[in-house]
Structure formats: structure tokens, C-alpha cells
Amino acid sequence: MSVQVVGAAAPALEITNLQGWYGESHVLHGVNLTVQPGEVVTLLGRNGAGRTSILRAITGLIGKRAGSIKIGGVETIGMPTHKITHLGLGYCPEERGIFASLTTEENLLLPPVLKGHGKGMGIEEIYTLFPNLQERKHSPGTRLSGGEQQMLAVARILRTGANLLLLDEISEGLAPVIVQALARMITLLRQRGYTVVMVEQNFRFAAPLADRFYVIEHGQVVEHILASELEDKMPLLNELLGV
Amino acid sequence: MDTIFGVPLPALLSQLLLGLVNGSFYAILSLGLAVIFGLLNVINFAHGALFMMGAVVTWMAMHYLGINYWLMLLLAPLVVGCFGMVIERLFLRWIYKLDHIYGLLLTLGLTLLIEGAFRSAYGVSGLSYSTPALLQGGINLGFMFMPKYRAWVVVASLIVCLATWYLIEKTRLGAYLRAGTENPRLVEAFGINVPLMITLTYGAGVALAAFAGVLAAPIYQVSPLMGQNLIITVFAVVVIGGMGSIMGSIVTGLLLGVIEGLTRVFYPEASSTVVFVVMAIVLLIRPAGLFGKEH
Amino acid sequence: MSDTILATKNLTKEFKGFTAVDNVNLQVQRGHIHALIGPNGAGKTTCFNLLTKFLEPTRGTITFNGIDITREKSAEIARRGVIRSFQISAVFPHLTLLENVRIALQRQLGTQYHFWRSDKSLDLLNDRAVQLLAEVDLRHLADEVTVNLPYGRKRALEIATTLAMEPELMLLDEPTQGMGHEDVDRVTSLIKEVSKGRTILMVEHNMKVISTIADRISVLQRGAILAEGNYAEVSQDPRVMQAYMGTTDGQLQGAHA
Amino acid sequence: MNKQLAFWGYAALLLVLLAAPMMGAYPIFMMKLFCFALFACAFNLLFGYTGLLSFGHAAFFGGSAYIAGHVLKVWGVTPEIGLLLGTAFGALLGWLVGYLAIKRQGIYFTMITLALAQMLYFVWLQAPFTGGEDGLQAVPRGKLFGLLDLRSDMTMYYVCLAIVVLAFLFIMRIVRSPFGHILHGIKENEPRAISLGYDTNRFKLMVFVLSAALSGLAGALKTLVLGFATLSDVHWAMSGHAVLMTLVGGMGTLSGPLVGAVVIVAIENKVGEWGNWIASVTHIDWFRSLGESVTIVTGFIFVVCVLLFRRGIVGEILNFLRKPRS
Amino acid sequence: QDKVVIGFVTDMSSLYSDVDGKNGATAAQMAIDDFGGKVLGKPIELVTADHQNKADIAAAKVREWIDTQNASMILGGTNSGTALASSTVANEKGVLYINNGAGTSALTNEQCAPLTIHYAYDTVALARGTGKAIVDSGGKDWFFLTADYAFGHSLEKDTAATVKAAGGDVKGMVRHPLNASDFSSFLLQAQSSKAQILGMANAGGDTINTIKAANEFGITSTMKLAGLLLFLTDIHSMGLPTTQGLQFTSSWYWDQNDESRAWAQKFYDKTKRMPTDIQAANYSAVMNYLKAVEEAGTTDSKKVNEVLRSKELKDFYASGMIRPDGRYAHDMYLMEVKKPADSKREWDYLTVVKTLPGEEVWTLQEETKCPLWK
């Protein structure tokens, strides 16, 4: 597989007419979205709208998918998951996926550093960001509290040097003080040129961070909002999200 | 001083040594089971059959091709390991997402097939394999005559066991493997070729069984049924050690060999039952096994 | 009977040289919605685990309605009326919603061990089950198989099941986690609703929920109680702001909307 | 609609079975089938309805077969007492094994039952009264309640049918009882059942004992019908049989184990003939050796079932019937 | 009925399939072919089944053959449990049952039956033959290695009694569980007893592994091994280097005389293996049965049985009478395994050390519990 760089113009992520299935249930019905390098994009929607499924489809973890997903210009729809990741993908799953048989530190060091991509965060930096993790670094991963596990799940992919991060509800279950730290972290990542696709329930958290928003409903994109339009489209958004 | 419960000390000592030899087989077999269970979540009932295959392949290589023992020590695990990988690709691959039970049943089915095939080819009385020239004879330890070959079995299996343990518990590859057991999809999402890793792991676990088979060939009659009785005992060892625990299976394997050895002296009739008695006791006190982690 | 339904005395849990819960003296008033908040890893879930005996306390006692329940088993405590919900959703996935609730109701009949009795004897629970489902707005889904439900619905079902137990004391661990706004609001009012006539002890990171319904709040930090009081009191506490809220400007909405 | 269909299905089956010996069916073979079917149903109660896979059920089946054989032959008790004692023994043993085994879950549970049963195998092998390799032979059938002479195959057939039908109804009732509903809950999500105040271990132990007792009844009945109990009844392969019958028929379905028992017992007895027949039709001589390869055929069925028909025969049919509706 | 059906049920797929099994069926078929394929003008058909060592399957097969195919004789193979069960069924149905492979002496003792003939060997003969012959040749001090179940116990008990009666002494014994796989530990115990003879009261894989370990630990240099239940196929599979010098009792050996050699060669041409004594007995039994049918002029089991028991039988396999308890009382032989150097060709493994007269080796009339022979 040769990684063709289609010039600087290639979007970090380009999804066209994405279909997705779990077994026999069809959950994604033609998703179209594009993310440019260095952007922070948030997927909004109600429970069960299909946001997590989109992230899973990108990483190849959904049951079956069709359509087109290009990462950095490379078509990935036919690739196995582990190859897709090497295009510079970092995925933080909704259910956190902390490994019980590994210690916190082993969990943290688990994802291999991806070659040919950005330099990941150092372990020191990560521990400064999440002091809890340092304190509990030798205990088994799943013995951490719910929130600590969430931190670990995020921290883990910052190390690999992936430059396209897929973050699924990372503020969930965290104390406000940590949520604020995460917000600072995302701002920082953006400054460093990372591309971020977030799924968020917590609109307050996402609002100041994202450049653009996609609203998902029934496995489709139903609305696209720029940060600048946010004020104006607030009523629409509230209606869509049922606030 | 020189008798314990009416048994002379030297006799006791020799029985302990013999127990250790058997323990080495248990250790290496239960280790393979633990590796496979730990990483694939499959109870490999076929382990006994593959152990047998290791021995039979060794015999075949000698009989048809004249390949000697030492080469087979390497080749048999390789051949059987490859066979294991084919099994994994063809059969096991489809059942990982299902309950453990299906793995057990599938491998039980495979066991019947493999043993049946070898039985039709070679009958049941078995085949004879002689001890390699280098290890013939024995050492007089004063209190007993220790065949050199048995001493070699202990050394060889200890080395293999410890190497495996190190690989899994202390290396990065090991960390992938352990993580892969819990959530293979996610590990794959970190960029690791998990399907390949799983295939190789099964191959490796099976190779361990085959290695034990090669070690066993000169000691026991090489027969299609040789794995059948062993496998149940080894299951018990794995349960006692704590399933999936690598160190647990090694230590428990050796320990049970020794306990069995002692039983052979004091109450020989019970020597193959003692494993299960120990298991019952251990479970009453520590439901997760000696080295197992409580969830 | 006193007004304190649940009390712990010097409750402590140590994990291999690490103290997750440290001499906690918690008093929960009957009829209150009592919130347990605190930074991640403060020991809230561990506390719940101790109260329901999913973990064995290292030290200390737990009294419920004046009775010492420290030594009792999980199931016994549940039968006394202390029911918890899990941080991850807990349902019986391949049963219908109705059956889910009915399993919980069944215990009142006292026939759970009657393997010789027909299950027709359970039909008299159906009305109550439907009623409970209606309370959490799931009535129309009563005959659906649970596994197909979205997350938020499962949480709602879990609450319905818990209610079926007629708990005197409900322990809710982050009941609104992973829910959209709609669901959060629904569940918040649901909790308010069901708190009538019973006591609720809940862990929650969503300050909006806490501020609307909690009668009393205990703040845990590093396993110990840092502050206690009603929302106004606690939220003014600079230590709480520092350890938990993270903002020192007195703006207490937290990060959650 | 579906329930009615099932009811008429069972009724028709019962009629056929009642008439079978008159129509030339082979009573002894049928009775053996009944015993295995009952064994499979008892096993399924545990496996299919509670999600506990025991790989040691031979201990109850075979153990009770020995006990019943011994009391019938040596003590000379009447058949009903023999069956009763066999069943009671199954229950007692079930309690012991269950007590140890339910301390662990999932596959651990399975391995423990397997190991304990294997330990019991050695006990049976060594116990003097079981006759070791010879087995316990020539067990008399005697007279039921001292009245009904069971030596006639016909009488035995109807008695056997009655017992198995009653046992089957009993299992049906267990599954559809308040108790059965909790079992279902435990199978689905045990921690949740605990948190709802159910002492799940007690439920598991109870169902284990029930299943063991019914397996014991099956074993005792087998001894009564065939007149002997041997080591193969307590061997782990017998436990494997129970699993296979349940799996082939469809676990977690009431009639699955019945179908599975028919299929497996038929294979065990007839595969040689089928092999010869296939060989004569296809002219491939290899098939003639099928008769010596029952284990290979069995292994093959295991593999195929696990890979392709996980729901089993009845399970697949039910699934097929269900589909167009939803 | 337009054909004569003989049913042969044995273990064709597991533990005992080498000593009898498929090739046992071949031997029986050879007898039918040699007889001309027809008796009383009707073609003879051999039906076979694998009982997988399960008594219920064996009994079911026997019953089925008798009921549905009108089988006129059942030939039973290895495994005592299946043999006793088959015997019961056959007698109940009034059909002749001849057994070759099973060792249990109960077939002609406690559980003897009028239509049951035990043809080849039984454990009593094995024990007595080997026990007495070895003591007579100077092996006085014995140590027993016994498989701990009924079969092993009875082998041990019978042999020990013979040994003592012949003036020998039992120095001790150790009972090992079935399928113990590792025997080194038991052997050390045997060695320290300082006995001359190690009596192996076990069978199959256990015996084989005992012998292997005895070689490995140099036990064979101080003790002589006596197998109480061994077959030619066992020796074949272990090879002479391991088994040389081993003594055991057998009912027949292919290299005994010209007749046996001639028949064995025919068998070898068909199966590429030399016959075991059981396989030879299968041939002999079927042949004698067919002759008896011819003589009786009917396939009626009672009549054929009478003919069979009425006179001395004699062929390449053995000669002797069938006693009232059903035992075919022929001579047995004490065999010794050759040294590798003495073996001239493949399957040239044994020498006959001694003939054990049929009057002595089997259960005696004064001992029998068989009501038919009181």
C-alpha cells in the first residue's frame, strides 16, 4: 500500500456516502463530511443518532461499512483496522477500553508510536496533565475510578503521534476541574496542528473548542454549522438536540 | 532422621525428583493452555491431541525420513504450530466473539477428529521411540538411578517455561498480547495486526504442546490416545493455578507433579485423583485459583 | 425510628497500601436526595460498593435504619431495601422491558424459589410493571427486547427496575452519564419524582442536576469527606472549588450545561 | 398461535410414541432413546436455561445408574425404589459438585465440573461393587410396586414413557415457573440479579441439584431398562454426549434435546450401516470404514454444529419461523 | 430366512481395536470364505459393528441383529463389560454367543450361561499360566504392579494364589490408578522390594508404559518382568529391544507350527499384519460353528450348541472340549520375547517356553460358581 500524498490540499478526513451496519441493522445511511487538517470538528446529536458509529466506521470497527472514507487522501474503506491506524489515527472509544490485565502505565504505553507522523506527547507532559494517572500508575487499569479511566483513555492516544484524533465523549464522567483541563488540552492540540473529530454530549464543553459542528440524526448529517454561525443557529440547534 | 512416615529418606527424595519430571510436563502443557486461554479466550481441548501429534510427528520424522531427535525438538513444534495456525484460521477464527463454551466444544470436536485420524493410521497400541544416543543411560545419584533423559526433560521444560513467561509478562509484545485478550478490536485500532498476532499465538501455544510431545516421545509409548488422559489433569492444573495466569500454570504444574509423586509413595491408589482433591480444596479456599485474580 | 436512614462510622477501604475510602462518617437523612460529589478517584463508587457489600470494608460500620449491616451479604442488604444502580447500565438484555421489570417485582411475591409453580402466577405483576415503565416513559416499548434500546433508554429502564424493588434507599451512580440533554432533564425530574417517600443517595458530576435536586451534598476528596451541606453552602466552599469545580470565580455551574 | 402449534406438536408426538411399539418400533431402542433424551433435557435445564455448562453430568447419570443397579440387584428393592434412590443419589451428588463448582463462573465452572466428574470416575472404577471393567451386569427389572411385571418389554416401555413424559413436563414447568424466570435473569446478567436482591448462588445450586437429580433419574432408568451400568456411563465422553445432544437439537429450547438425542443415538448405532449404504451407492469404499469411525463422525458433527448451526436443529427452525413475522 | 447371519461386535475404534477390531472381522470372514460361503445351502453373511466399548451399544446391536436379521450366532470381541451385556441379551433371545476378546472369567463363572462359549483366553488362565510357569522355572519372589480396579485385582489375586501354591512368595505390591502414564515411581518401589519377578497385573497402555519405564530405569537388569495380559501387537509396537526376555501367557502364536504359519501367512497377505491369538480364535470359532451347523442340519442355537459341546474340537488354533460352563478348555502357552538378535524377520517375536495343559490353567470344577457345572 503506497501512501499517496495528494498535495497539501487533501483533507485530513473525507467521508462520502458512508453506510454502516451492525449485523443486520443498518445504522449509517449515507454520511458525508469533510475535515481539513488542523481543524477541530464536533459531531452533535441525540442518543443513538449514530455519532459513535461514524467514529467506529472510520477506524473500521463497525460490523460492515460501505461508501468512501479517505484519510489524508487515502481510501480506507477496504483496509483492515490496523492499517488504517497507521495513517495517523488515534481513537478514544466511548467505553474507554482500559485493559484490566495491564497496569495504568502499561495501558498508557500500549499503543505503539506511529511512524511518519507527528511527535507524540512525552510521558512527563501527560502526567502533568493528568496527575491522577501518575499517582496510580502501578495499579491495574480497571481498578481506576471511572473518571481516571477516562483520562487514561485520552492520554493513551496522545502519546502515539497520531495527528487525526477521534474522541468519543471524553468529558463524560469527569469532574468539572478535569473537564476544564481537557478543554485546555484540546486548545493546545489544535495549536500544535492536530486534527480532532469529537463526539460530545456536553455542548458547553464543545462549543468554545470546535471550528465546525455537524449534527447527526438517524445516521445522517442533517445540519452543518460553523463556529461563527453558532449564535444565529442556536435555536435550530436546540430544537435538533432537544434541549 | 532417615525415614519419614516409615519411608526412607533417599526413597522419598527420588520420588520427589520423579514427581518433578512429571511436573515439567504438566507445567509446559498447562502453560500452553494458559497462553491460548489467556490470549484467545479459547479452552483448547485439542491440546492433548496436539501434544500427541508432536510425539507422533517426531516418530514419523525418524521412521520415514531419519530425522533425529534434536532436530525434531525444533521441527515438531514448528510443524504442529503451523498446523495449529491452520486450525485457527479455518475454525477458531469464527468463534471468538461467542461464549467460551463454543471454543471448548469446537476444540473437543477437533480432538476427536485428530485422534481419530491418527488412530486409523497407526492403531492404538502405539509406536516406539528410542532415547537419543546422547542421553541414554543414567546418573547414579547415590540414592537413585536417574536416567539422563529425565533430567534433560526437567531442564528443557524449565527453560522453555521461563522464556515464555518472560516474553508474555515482561515484554512489549507480551503487553499487546495481554491487551489483545481483553479487547482485540481496540488493540487493532491502535495499529496492531491482531488477527495475525492471534494466529501466531495459537501457533505458539500449540507448539508448546508439541514440544512437550517431543519430550515425551522417548519416555512414553507414542500412541494416538496418549493425550486423552493427560488433558483432563492438565485442565485441573490450570484451574488450580488460576486460569490464564502464566506463572500460575508453571508453578502449579511443577508443584502438582511433586504432590503426585508423594502420593505415589504414601497412597499410590489415589495418585491420579489427588490432583482433583487438591483442586477442590484450593477452590474452597481460593475460588480464583492459587495465582488467579478475582474479578 | 430516627431520621437518619443510613449512617457510616469510620468507614475505611484500603487497597494494597492505598486508601480509597478514609474514615468516612456519612449521615443520610430519611427522605433526602443526598448527593455525593468529588473529583475523579475520590472514592465515591468505592463507597457505594462498600454500602452494598460489593466490597468488604477494611474498617468501620454501616448502619441502616439503626441496624448494623456491616457484616451482611449483598443480597441481604438489597432485601432490606438498599438498591443500587451501576455506573454501567445493568439490564437483562434478551428479556423484554416488561420482563425486566417483572423480575424485580417478583421478589415481593416470595415465590422466587417455587420451581413447581406456573409462571401464570406472575401475571398479576404485569399491571404494576407497566405502570413502572410508564413512569419512565417506556410504556410503549414494553414488549421490545432490551438489547435494541439506545443507552439512555436502558438507563431509564434500569431506574424502573430499581423502583420496582420499592427501595427505601436508592443508590444511583452517575445516573445521567452518557445522556443527551433531553434524557438528562427527563431523568432529573424522574429522580425528583421517585424520591417522594424514599431516600436517594447519588453520585453525579453534572452540577446542574445536583443544584436542582440535591437536598444535601457531601464532597469527597481522596477518600475523605471534605465538606458537607446544601448546595449553596458547599458551592461557596473555596476548598471544594479548588478540588472539584476548578474555577475560583464563584461561578458554580461547572462545565456541564 | 405458536403455543398452540407446540401443544399439538407435543400431543401428536405423544400419540406416535404411544402407538410406536404396536407399529413395530423397537421398544428397547426407543427406551434407550427416552433415557438419553431425558438426560439431555436435564442437562439443558442447566446449560440452555441458566447458562451453566457442566461438563461433568456423566457423574450424575452414571453414578445413579450404578446406585440404582446396585440396590436393584443386591438389595433386591422394587424398581420404583431403585429409581427413587438413583434420583436421590443424583441430587445429593449434584449438591456436592454444585456446591464446589458454582463458586466460579463461566468456563471455570465447566472445568471444575469436568475435573470433579473425572475424580468420581476413578472412584467408580475402583469401587468394588461396580465391577470395574465388567460393569454391573444382569440387573433385574423386577415388579413395579411389587405388582406390575416389568420383564415384559411392552410394560417396561409404557412405564418408561410415562416416567419420561412426566419428567419432561416437570422440566417444562421449572422453566416456566417463577424460579425459571429468575434463572433466565441470572443467565442474562448475574450482577444485576444480585443487586435486585436475589441470592444467585442459591438459585444456581438449586437448579444444579434439580438437573443432577433428573440426570440421575435418566441414568437409573437406563439401568432398569437395559439391565446394566458400565464405566462408559460415567466417562467424560458421556458428559460430552449430553452437550452434543443439546447442541445439535438446540440449546435453550424445550424440544431441542429430544431431537438431539434422537439424532445422536441414531448416529452412534447406525453410522456403520449408513456408511455401507453410502459406499454401495457411491462406490467409494472408504465409507465402509465409517462404522469404525464413530468418534470421527461425532467430532465432525461437533465442529459443524459450532461453526454453522449454533442454534441447533430446533433452534434454527424456530428462528426460521420467527423471522418473517418481525 | 434365506441367509445365515453371524454378528460380530467388538471394539473397532479405541483401546482394544488392535488386538481384535477390524482385522478380527477379516479373520471371521476368512473362515466363512474358506467354508465356501454357504451353509445348509444358504449364503453366510457376517455383519459387524463397533461397540466403542459401550455395553449399551453392544447389547443393542446384538438385540437388533437377532430381532431384525435373525442372526444365528453372535461373535463377541474385546472388553468385558460389553461381553457380559451381550451374553445376557443373546441368552435371553436364545442365540449362541461365542466370545474371544474379553478377558473376564465371569463369563464362564458367576455369570455363565447355557448358550455362551468363552473361546480364546480368560484372566484366570493368564494368571495361572504365567504364575506357575515362572515359579517353576525359579522365579520365586514376586512383586505386583496392579491396576487399581476389579480387573487388575482379580489378575493379581489369581496370580498370587498360584505363585504361593507353587511355592513362591509375594514380596509386596503397589496399586496404581488406571492410565497412570508414569510408572517410574511405582517401579522404584518394586525394585526396593528386592523381588525377582515383577508381575504386571495391568493391561494395554499401562503395561506398555511400565515396560518402557522399567527399561529406562534399569529395573530389567535386576528383575524379570512377567506380563499377565499381553498381546502380540503390544510387543510389535514396543519393539524387541524394550521387551526382550519378557514372559507372558497366550492362547496361540502364529509361528507355532506349519498349520498356524500357513494360516497366518494368508492372514498377513490380507492385512499386512500377523494375527493375534484373538484373531486366530475368531477364525477358528466361526469355522467350528459352521461345521457344527452343517452337522446339526439347522441354525437353531440350542442344537448347534449341543453339537459344539459334544466332541473334541481340533484345528490349527487349538484342540480341546467345550466344558459345561462354556469354557473352551484348550492348552495355553507361556511365551518369551526373543532377543533382537534372534529375531529373523518382522513379526518373529516369541518363543514358546512351555505348554500349559488345558486341564490345569482354567477355573477348576471345584472352584466354579457356575450352576451349569456343579
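Order of writing sets the labels: A, B, C, D and E. Residues in every chain begin at 1.
Definition applied: a contact is a pair of C-beta atoms (placed from the backbone, for glycine too) under 8 Å apart; a residue touches a chain by one contact, two chains touch by 3 or more.
In UniProt terms the chains read A, C = ABC transporter ATP-binding protein; B, D = Branched-chain amino acid ABC transporter permease.
What you see is a predicted model, and the numbers here were worked out from it, not measured in a lab.
Undergrad: Give me the fewest steps it takes to get from chain B to chain D if each step has to go to a chain it touches.
TA: Step count on the best path from chain B to chain D: 1.
Undergrad: Taking contact as defined at the start, I'd like the list of chains shared as neighbours by chain A and chain B.
TA: none
Undergrad: Among the chains here, which has the CA centroid at the largest distance from chain D's centroid?
TA: Computed centres place A farthest from chain D.
Undergrad: Computing the C-alpha centre of each chain, which chain sits at the greatest distance from chain C?
TA: Max centre-to-centre separation from chain C belongs to E.
Undergrad: For chain C and chain E, what's the span in angstrom between their mean Cα positions?
TA: The separation of the two C-alpha centroids amounts to 74 Å.
Undergrad: Whole-Å distance, chain D centre to chain E centre, using C-alpha means?
TA: 35
Undergrad: Between chain A and chain D, what distance separates the C-alpha centroids? Give it in angstrom.
TA: 52
Undergrad: Residue numbers in chain E touching 2 or more other chains?
TA: 13-14, 17, 148, 177-178
Undergrad: Could you list which residues of chain B touch at least two other chains?
TA: 116, 269, 272-273
Undergrad: What are all the chain pairs that meet the touch criterion?
TA: A-B, A-C, B-D, B-E, C-D, D-E
Undergrad: Quick one: in the complex, what on chain B touches chain E?
TA: 11, 14-15, 18-19, 21-22, 116, 119, 123-128, 130-131, 138, 144-145, 147, 149-150, 219-221, 223, 225-226, 229-230, 261, 264-265, 268-273
Undergrad: Can you list the chain B residues touching chain D in their complex?
TA: 43, 91, 94-95, 98-102, 104-106, 108-113, 115-117, 120, 232, 235-236, 238-239, 243, 269, 272-273, 275-277, 279-280, 283-284, 287-288
Undergrad: Mind listing the chain D positions that touch chain E in their complex?
TA: 26, 28-29, 32, 122, 125-126, 128, 130-135, 137-138, 222, 226-228, 230-232, 268-269, 272, 289, 291-295
Undergrad: Which residues of chain C touch chain A once you look at their complex with the stated criterion?
TA: Touch list, chain C to chain A: 15-16, 18, 38-46, 87, 150-153, 174, 177-183, 205, 207, 243-247, 254-257.
Undergrad: Can you tell me which positions in chain D touch chain B when the two form their complex?
TA: Interface residues on chain D, with respect to chain B: 53, 55, 100, 103-104, 106-108, 110-112, 114-116, 118-119, 122-123, 126, 236, 240, 243, 247, 289, 292-293, 295-296, 298-303, 305-307, 310.
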